[in-house]
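Next come two complexes, and both contain chain A; in the first it sits with chain B, in the second with chain C.
And then the complex of A and B:
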C-alpha cells in the first residue's frame, strides 16, 4: 500500500514538473498546430486571392512537369534527376513541382528548385507564379503554400529554429506530451467522472485544476496520438531514419535508401518517361474517387524510371501509392505504406495522416483545430494550477504583496529568506522561486497565453500588407516572423510590468479581437476581396475563414472588455479593503 | 524534485540530480542505442527493420524515463542503462565493422 501511494505521489510529481517545465513551449506548438492544419489549403486560398479556387479543367500533370523541367534546365543547366508534383487541392488551385538535380552515382539528388503553379490558369507559362531553390530541407521550409502558410507550418514544426535543432526541440516536446498524458492517466483515477462532471468551484486555483482535469479527460486520446505522431514526425526524418538506415545496412546509405523507398538505381540509358496524364487516368480507373496528393517520378527520362502516384482512396484514412514502370507506363503495384505492403509501413503512413487530420475533409480538420486549442488550454491551465498551488504554499496568492508580507516574518522566524522551498524543513537552503517568483511566472504564463493568439492574429492582419509591400515571399515570411515574436514579447512585457493582471490580459484579448477584424478588413482593402465577393464566387473555405475571424473577433472583444473591467473592479475593491490585487 | 512532503529521511526521488541526468539525456542515449541496434536483429522484413525501431523509439524513451525516476534504487537504473548502451553499442560496432 505504501509502495502504491509512493508511486502515485512520484507520478504526480512527474506530471506536475514535466508540464511546468515545458508548458510554455508546448503551448506555442499546440496552438499554432491548431491553426496550421488549415495552412496549406484553406489559409492559402484566404491569404493569396490570386490563387484560383478551382483548378482549370485544362490542368495537366504532364504539361506542368514538362514546363517545370524546361525552366529548371534553362535556369541551372543541370539534368533533372527526379520530380515531385504536388497536386492542387479543392478550394486552392495551387500546385508545386519540385525538380531535383540528378546525383552523379545515379541515386536520388537532394538539391533542386521548387516551382509554384497557379493551376487555375491551366499549365501554360503564366501558371508559374514563384520559385524557391535549395536542398530538400530548404525547399520544405521556403514556400510550399503562401508566406502565411509557410510561417505557420514552420512555427509549429520547428519554432523557426535552425535545422535540425527546431525538429529536435519539437520532438522532445512531443515526448514530454506523451509523458504528461500517460502520467495524467495514472494519477487521475476518476477519469470518467472528471470527463462527465463540469464543476465550477470557488477559488482561482481550484477552478484552474477542475478545468485542467475536464479538458485532460476529454482530450486524453487526442494528446496521446499527437504526442506519439509528433515525436515520430520530428525525430524520424531528422534523426532516427538516417541512423537506423545506416546501421541496419552496414553503412551503405544508397542501399538503405533503395530498400526503404523501393527504387533501384538509374540505368543510365535515356528513355522518355510515360505520359503522366495517362497514368493518372489509370489510377482513377483502378480507384474511383481517388484524391491525388502528389506524384513522384524517380529517375526522370531513364530506362529505370518509376512513377509513384500517392493519394487517398475514397474513404481511406491513410495514403495509398500506385506504382508504375516509368518507361512503359505499365502498372506495377498498389502499396499501402512507404515501400511495400508491410504492416508497420502502413501504420506509419496512417499515423502521419492522423497528426494533421488530413483525411475526411473539413470537418475532421475543424475537430482537430478545436482539440488543438483545447489541448493548448490544457497545458496552460496545468501550468497556472501548478503556479497557483506552489505560489500559495510559499507566499499566499501568487504575486500578491499581501502574501509576500505574510511570508516574510515566517521566513525571518526560521532564519531563512522568504523564498525557501515550501514545506522544506528549517535549515534547507531556499532555491525554489519565491512567492514573487511564482507571481512573475504567473504573469509570464498569462503574457504567453494571450501573446501567442495576439501574435497569430497580428500575423493574419499583416499577411496582406506584407504581400503588397514585399514581392519576395521569403522576405514576407521573415516579416511575419518578426511581427509574431514582437507581439508575443510585447504581451509578455505588458503582463509583467502593468497591473492589475486581469485588466492587462483583458486589454490584450481586445487587441487580438481588433487584429482579427483588421485581417478581414486588410484583405478587403488590399486584395479587393470582401467576404460577400467570396460568397458570390462560392469560395467556401475563404467564406468560412472570414466568418471564423469575425466571430472570434466578436467573442474575444466581449471577453477581453469583461476581463479588463473585472480586473479594475477587483483592484478598486481591494484598495478599499487595504489589500493589494496582483 | 518534490522532496518536501516526504520528510528529511525519505525523499520522493532519492539522488534527484543523478536520476534527472539518467531520465533525460541518459534515457535519450539509451533509447537511441536500442533503436539503432534493433535494426540489426529485429525479426522482421527489411523495410520493417528500419521502421520498427523508429516507431518503438517514443515508447522506449518514455519507459526508460519513468524507470529512471521511479526505480527504487538508482544503481539498478545505471546498470540497466549501461547494459543497454554498451550491449547495443557493441552490436552496432560489429555490424558496421
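And then the complex of A and C:
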C-alpha cells in the first residue's frame, strides 16, 4: 500500500512538474496548431482573394510542370533535376511547382525555385503568380502559399527558431505532452467514473482543476496521438534520419534518404518523361475517388526517371503512392504498406495526415481545431491549478495579501504554519508569506494565455495590410512574426504590471475581439471582398472563416467586458473590506 | 445526411450515459438497459461513419467527434455540485 502510494505520488510529481516547466511553450504550440490546420488551404483562400476558388477544368499537370521548368531554365540556366507539383485543393485553386536543380552526379540538388500557380486561370503563363528561390530549407519555409499560412505553420512546427533547434524544442514539447497524458491517465484513478460528470465547485481554482480533469479525460486519445506524431515528425528529419545515416550509411544522409524513399540513381541518359496527365488518368482508373495531393518526378527527363503520384484513396487516412516508370509511363506499383521500399515517406505521410487532420475534409479539420483549443486550455488550466496549489502551500492564494490572511487558517487546517518551507521542523514559526514568485507566474500565465490569442488575432488583422505594404512574401511573413511576438510581449507586460489581473485579462480579451473584427474589415477594405461577396461567389471556406472571426469576436467581447467588470467590482469590494485584490 | 444521423446518435448515446451516471437509478434493469442503449448508439454511429467514409477515416472521425461531443454534453448536462466545501482562492 505504501509502495503504491509512493509510486502514485511520484507519478503525480512527474505529471505536475513536466507540465509546469513546459506549459507556456506547449500552450503556444497547441493553440497555434489549432489554427495551423487551416493554414494551407482555407486561410490561404481567405488571405489571398486574388486566387480563384475553383480550379479551371482545363488545369493540366503536364502543362503546369513544363511551364515551370521553362521558367526555371530561363531564369537560372541550370538543368532541372527533379520536380514536385502540389495539386490545388477544393476551395482554393492554388498549386505550386518546386523545381530543384540537378546536382553534378545527376541526382536532385538542394537548390531550386518554387512557383505558385493560380489553377483557376488554367495553366498558361498568366497562372504563375509568385516564386521563391533558395535551398530546400528556405523553400520549406516559404511553400505555404501565403505569408499568413507560412507564419502560422512555422510558428507551430518550430516557433520560428533557427533550424534545427526549433524542431528539437517542439519535439521535446511533444514528448512532454505524451508524458503528461500518460502520467495523467495513471494518477486519475477514477477516470471512467468521473468522465461523465463535471463537478462545479465554487472556487475558481477548483473549477480550473475540474475542467482540467474533464478535458484531460476526453482529450486523452487526441493528446496521445498529437504528442506521439508531433514528437516523431519533429525528430524524424532533424535527428532520426541523421542517426540512421551515421549507423548504416557512413554518415551520408542523402544516400539514406534515397534508399528509404526507394529511388535508384539517375542513368545519365536523356529521355523525355512521360505525359503526366496520362499518368493521372491511369491513377483515377485504378482508384476511383482518388484525391491527389502531390506528384514527384525524380530524375526529370532521364532514362531512369520515376514518377510518384501521392494522395488519398477514398476513405483512407494515410496517403497511397502510385509509382510509374518515368520514361515509358508504365505503372510499377502501388506503395501503401510499411514493408515496401517507400516505408519512410509512407510513415511520414501518415504521421502528417494524422497530426494535421488533412485526410477527411473540413469536418475533420474543425474537429482537430476544437480538440486543439481544448488541449491548449488543458495545458493552461493544469498550470493555473499547479500555481494556485503551490502558491497556497507557500503563502496562501497566489500573490495576494488577502490570500496571506486566508493562508493562516488553511495552514492550520493542514497542520503546518503558513509560509513554512518543506523540511523545516514542525512548530517552526511561519515566516512572512512569500508567494510572489507564484503570483508572478500566475500573471505571466494569464498574460501568455490571452497574449497568444491576441497575437494570432493581430496577425489575422495585419495579414492584408502587410501584404499590401511589403514588397515580398518573405518580408510580409517577417512583419507578421514581429506583430505576433510584440503583442504577446505587450500582453505579458500588462498582465504583470497592472491590477486587478481579471480586469487586465478582460481588457486584453476585448482587444482580441477587436482585432478579429478588424481582420474582416481590413480584408473588405484592402481586398475589396466583403463576406457577402464571398457568399455570392459560394466560396464556402472563406464565408466560414469570416463567420468564425465575427462570431468569435462577439463572444470574446462579451466575455472580456464581463471579466473586466468583475475584476473592478472585486477590487472595489476588496478595498471596502481593506484587502488587496491581485 | 448519414454523418448528421450518426452525430445525433452519438449525442443521444452520450446524453443517456450522462443521465444514468448522474441519477444512478435503483433499478438494475433500467441501468443495464440505459448503458446498453448508450453503447449501441455509439456503436451504430461508428458503423454509419465507417460505412460512409471508409474504415480509416470513419473510425478516426468517430474517435474525434465522440470526445468533442462528450465534452459538450457533460458540460451542459453533467454538472454536479461540489463534493465538499471548497477552499477559498485568490483569483
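Quick note on the criterion: the second predicted complex is superposed on the first by the 526 of 582 C-alpha atoms of A that agree within 3 Å, B and C clash if a C-alpha of one lies under 4 Å from a C-alpha of the other, contacts with A are read in each partner's own complex, and residues count from 1 in each chain.
We adopt the following convention: a contact is a pair of C-beta atoms (placed from the backbone, for glycine too) under 8 Å apart; a residue touches a chain by one contact, two chains touch by 3 or more.
No experiment lies behind these values; they were computed from the predicted model shown.
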item: Touching partner for A:17 - first (chain B), second (chain C), both, neither; value: first
item: Contacts of A:371 with chain B and chain C, given as first, second, both or neither; value: second
item: First, second, both or neither for A:536, with chain B first and chain C second; value: neither
item: Touching partner for A:218 - first (chain B), second (chain C), both, neither; value: second
item: Contacts of A:251 with chain B and chain C, given as first, second, both or neither; value: first
item: Residues of chain A that lie at the interface with chain B and also at the interface with chain C; value: none
item: Residue ranges of chain B touching chain A (in the complex, touch as defined); value: 1-8, 12-13, 32, 35-40, 44-55, 57-58, 61-62, 65-66, 69-70, 92, 95-96
item: Chain B partner contacts - residues on chain A that touch it in the complex; value: 6-7, 9-11, 13-14, 16-17, 174-175, 178-179, 182-183, 227-228, 231-232, 235-236, 239-241, 243-245, 247-248, 250-251, 256, 259-260, 262, 337-340, 342-345, 347-348, 351, 421-425
item: Chain C-touching residues of chain A, taken from the complex the two chains share; value: 195-206, 214-215, 218-219, 221-222, 314-318, 354, 357, 359-360, 363-364, 367-368, 370-371, 374, 388, 391-392, 396-400, 402-403, 406, 410, 502, 582
item: Chain C residues touching chain A - in the complex, by the definition given at the top; value: 3, 17-18, 21-22, 53-58, 60-61, 63-65, 67-68, 70-71, 74-75, 78-83, 86-91
